[in-house]
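The structure is given below, and queries will be raised subsequently.
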Amino acid sequence: MLQQLINAIVFGSVLTLFSLGLSLAWGTLDVLNLAHGAVFVFAGFITYELTKDSTMSFVPTLIVASLAAGAVTLALELVAFRRIRLHFPARRQAELSMLVVSVGAATVIGEVVSHQTSEAAFSPPASAFSIHRYSLGGSVGITNIQILIVVAAIIVAVALDQGIRRTRYGRAIRALAYDPTTTQLLGVNVGAVAAATMFLAGALAGLAGVMLAIYLGGEEVATGQDYLLTAFAILIVGGVGSIRGAIVSAYLIALAETAVVAYGPSQWRDGVAFLLILVMLLVRPQGLFARRRFQRA
Amino acid sequence: MARWALAPLALIAGLAIAACGSSSGSSESGGSKEASSGTIPVTFVADQTGLVSYVGEKVIAGMKLAVEEINSSGELGKRKIVLSIANSNSDTATATTQMAAAVKSNAVAVFGPALSAEALATAPLAQRAKVVDIGTLSEDTGFLPIGNYIYRLTCSQLRYDPLIVEHVAKLGLKSTKIVYASDNPTLSEETTEHMVPELEKAGVKVQGTVGVPSTTTEFSSLATKLESGNPESIGLMVVGAANPDLITALRHSGYKGVIWGEQSATAGALVPAGELANGFFYAVDYTESLPYESSKKFTELFKQKHPKEIPYGYDANGYDAMKAFAKAVSLEGSGPVTRESVLKGMQKEAASGGFEGASGKTIFVGPEHRDIAVPGVLVEWKDGAEHIVKLGTPGLEQQQ
Amino acid sequence: MAIASISSWYAGNETLIQNILIYALLAFSVQVVLRAGVFSLAGIGFYAIGSYTAALLLKKGWPTVPSILAAVLLCILLGYLLALLLVRLRDLYLAMATVAFDLMVGVVATNWTGLTGGPLGVTGIPLVMGTLPIFLTAVGAMLLLGLLQRGVLGRSFEAIREDEPLALTLAIDTSRYRHFAFVISCVLGCLAGAYHALLFGTIEPTDAGFELIVLALSMVIIGGFRSWAGALLGAILLTWLPLELTSVGSWLNLVYGGLMIVLATWLPGGLLDALRALLRLPARLRLLLRSPSSLAATGEERG
Amino acid sequence: MSAAPLLEVRDASVRFGGVHALRGAELSVSTGSLCGLIGPNGSGKSTLVNVISRLTKLTGGALLMDGDEIDSLSADRARAAGIARTFQTVRLLPSMDVLANVMLGGATHFAQRSVAVNWLWPPRRANANRTARQAALVALERVGMAAHAHARPQALPYGQQRRVEIARALASRPRLLLLDEPTAGMSHHEREEVGDLLMELRREGLTQVLVEHDLAMIHRVCDHAHALNFGRVIASGSTQEVAADPGVREAYLGHGSSGERAQDSERAQESGPPESPAKVSQ
């Protein structure tokens, strides 16, 4: 029971790391980035490439891989999303186009990674990060990578939450999310804020990807897609764009899925996320934590 | 009539003409198809991309190797096999489209894709066109009954269950738990219908089976669940990255017992788990160090061609499928190869006791002798390589 | 002579044509809602529901036509109920909810073993479907969808997509229109699924998964979502390309992905728009040569 | 001013979250009159038009037409009942030509009927297309745009686009026409022309509500006017009376050049309710 609670907290931290970037992009820029999962796997792949033949230590690897993931997402923003935002005035058309671009990008990134890895699962060698298990009495225990994931999730969550509340960039993001036109008129460089946001979103996916590559044992291209579907549930439950909502719902969903796997019919595990998406959208479409009222047009 | 309605109506007219004209002509003229002298065209509808591309690419590699060997050795006289690859994209519709194009072409035989849905949907096309279809890796029980032109060469786990059960019992393991991919047709059926009863029969207590969707990647909670009750062994009937991920999760959560699995752990799938996967055992139809002469020859050829890679069961599967075909052709003499002669050759080959392939002595089993069976081998994974534990016998499951 | 060559071409490409027609129906199911500004991908879930319903009824001994009709009726009913629940959601939220619905159908199909055969799916479905019924259905769908995008009715849907508050002030009951498009989409998806099952005799729960959602969306986006003709174009291209692109081999999906990025960014109207622009080019050039100033002021009425 | 009011707004209030867009606004428009609505940016004029055209729901108060409560009506029903409007910004659909745009306004009866029957019953389609076309041609003639029926709206000069918008509103022969700053951004000459058109329509008996910034315009065409500020009606009566009202003068002088910002926030509101839930909500 205690062990399963620890498992749920670790899993929730993984989901938090993964879904914060996605929430940021959707909440501020209306980009539902389906390439987020592919970028996440891409970071794991970079980690694998950096560590398989060399002795590059953990921290530099983490930084390089996260930056690479950020760069890929930034490239996507500069090549496609920016153009769409400028040229497609109708929001509905722009959203659809950006979604489709991200599907295409997910395919391209996934194909490149799977070619480089001969379509097999890959993982950094054990020498990249040696894992130890600490016993907490009885059969209950926790490994150092699990602790690292939880700590990283807390740091990232708090930093992002406070950053958006208190910094100049954070204010710009909030203004952009509320009303892009006015924000532009107020003298905010929307293009730069959008680029920074997408880079940050990608880098967060990258951070999650590196940690997961070490934690899981083996990543493959499909791994990203599976996390993506769970992350959708997190965004919907937490309220799109709400950083705190995403964090709370990440842990809630982790708890729910862990409970289903541990004590329920585990083969229905995927159903938890999908059902939550459906039920939330029907009952409380603004999410559990959004403050403003959801308007029906 | 408005201009816009013309397009669909023109389509109707066009297809109506075509359909009327073809009602008599569409009966496949397959039997009379004959290759230009000296070449033997065949088509492999392969999962080159998509879900099981990791399988498809290896089977293609093995098949190409066999074609090179056969063509250069003069095994078929001056005649040369010409292999075309058609990508099924791991999807039923594309597979059927490709198979239809293949049976329309002058191919004298076709090789089918790996996924059971694809295999089931494409085989009737081959059967109708009266062209031999050698399915690769298609395990579905509904596949062979589709017709007399349908053959298959597959490393069916069903065949190897006895090897695993025997080894579990031999190690003196009293209890086990099995986790299986609940959305995988083959694995879920095998676990509940075969592994559990056979293990119980061998005196191994099955403490429980747990189904998980194959989309699962984070296994810590599952590992905790599997460990409860301290089973002496845990069986993994899962695919892809779930193998190394489950092993990693189990070992990191402190499980000390034996972990065993099934053939999808082959082809380097366990590499990501590193040392943690040592001692993991499973059964496959080929491993690098098989002692048979024909296997050594394949291994050597493979190493020459791909010096940096390790040959695995999927490579051997493609190689053997092509070898089976070549033997059938050679048994029909040196005349022109037709679709009919390929079928006759296959029947002769089945009656004459099979052939020697990458996986060893291979025989034709099943009700109409269309199921090509290899001996198989139980291997243990240790330090990044498969080590032979026990050699199998072809058609083992028939004897049970 | 010509007829004979057409016939032999047809005989050799029948499976290709069948697949194109089935995918066209599926693509229509996505196109019809996108055109109405309803970002629903529920058609793929109904593809699964339709294929299971028709196949299971047929295996129970029902005749072909009633089996398909029953599947369609079930889908109308379920589609209507789902529309009641979901139609108030907009854009990405609706997309998300319908994707969740599709995947949920897959999860249920995998786990409700008693009804659906579980992960093994349904096999040995009688192969009762020929090309002609599929073809007639597809052509019928094209004609009806053509009607749906013509005249005031067609423009009303366009108004809803482009500017919903405006549509409301033009007396268009937008929720009723959206509802309607949603149900039509469900029926088209259902038909595609039912035909697929009866044509190939096998269904697996994974048939209508995330890959199919992406494929259907790709077809519509690559072809052009504003018209059924775009969806048809996309279905033809994506069904036929794998046959032609053997040279790219394992890079096939990379080509698709790249194509999607390029089209969505630079050509939102899809290839159909590009094709139309190309066809209009000679006429426009002629006009330009005659009187350069007249070009800006005239515009052709769009179909 | 003796005729019974066609439209009455009583104690209307609208709140968006914590923002009061209208607080207790009162308005009465008698049949056949041309009523001006003035006020600085952000005073609630557009919100009031949105309320009358039913795009915005009242949070308090009542809305009556011919003495009947119409606040429960949806926007499409309101249009079918004869309330037509134009928007502050041009909202013509760029994918259709001018005629097709105006035809949408002339098919309000068709648009209210069953979609399935409209789709599958050829006589009804043909009939609707024919009557909508006729109505559209008449309306285009009425605003002097008949010659441009097959032009693309975006190819027309701004003033003409606004005329097309008025034609689209007229095509359904409404009983009440709401005009939200129809002359914004027009040249002096164009404004005069639109003013003439409105007066002509009034002579034909069409009741109109004109939202306008320009007091001279109000003065020239309207019978009476209401001035709004902070969501309240601060003055009403004849145009001279309203123009002379000290409160109105103060509001105008005080906010006359209050800058782009307020106007834009009003524009954002005017485009109808947001189509998605709240975003970053910190």
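Residue numbering begins at 1 within each chain, and the chains themselves are lettered A, B, C and D in the order written.
One rule holds for everything that comes next: a contact is a pair of C-beta atoms (placed from the backbone, for glycine too) under 8 Å apart; a residue touches a chain by one contact, two chains touch by 3 or more.
Predicted model only: the values in this text are computed from it and were never measured.
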Going from chain A to chain B via touching chains takes a minimum number of steps equal to 1
Greatest Cα-centre separation from chain B belongs to chain D
Chain A and chain D have mean C-alpha positions lying a whole-number Å distance apart equal to 45
Rounded to the nearest Å, the gap separating the Cα centres of chain B and chain D is 70
Rounded to the nearest Å, the gap between Cα centres of chain A and chain C is 31
The positions of chain D in contact with two or more other chains are 272-273, 275-277
Residues of chain A that touch at least two other chains are 30, 91-92, 225, 229, 265, 267, 270, 285, 296-297
Flagged in chain B as touching 2+ other chains are 53, 57, 182-183, 213
Chain B partner, complex, touching residues on chain A are 3-4, 7-8, 10-11, 14, 114, 118-123, 125-126, 131, 133, 135, 139, 141, 143, 146, 212, 216-220, 222-223, 225-227, 229, 257-258, 261-262, 265-267, 269-270
Within their complex, chain D touches chain C through residues 53-55, 74-80, 84-85, 87, 91, 93-97, 100, 103-105, 107-112, 115-116, 118-120, 125, 128-129, 132, 148, 150-152, 155, 168, 172, 271-273, 275-277
Residue positions on chain C within touch of chain A in the complex are 34, 37, 39, 85-86, 88-93, 95-97, 99-101, 103-104, 107-108, 110-111, 161-162, 164-165, 210, 214, 217-218, 221, 225, 250-251, 253-254, 256-261, 263-266, 268
Listed in rising order, chain C residues that touch chain B in their complex are 3-4, 6-19, 22-23, 107, 110-111, 118-121, 123-124, 127, 131-132, 135-136, 139, 142-143, 146, 150, 196, 200-207, 211, 215, 229, 239-240, 242-243, 245-246, 249-250, 252-253, 303
Within their complex, chain B touches chain A through residues 53-54, 57, 182-183, 210-213, 215-218, 220-222, 224-225, 227, 240-241, 243-249, 252-254, 267-269, 271-276
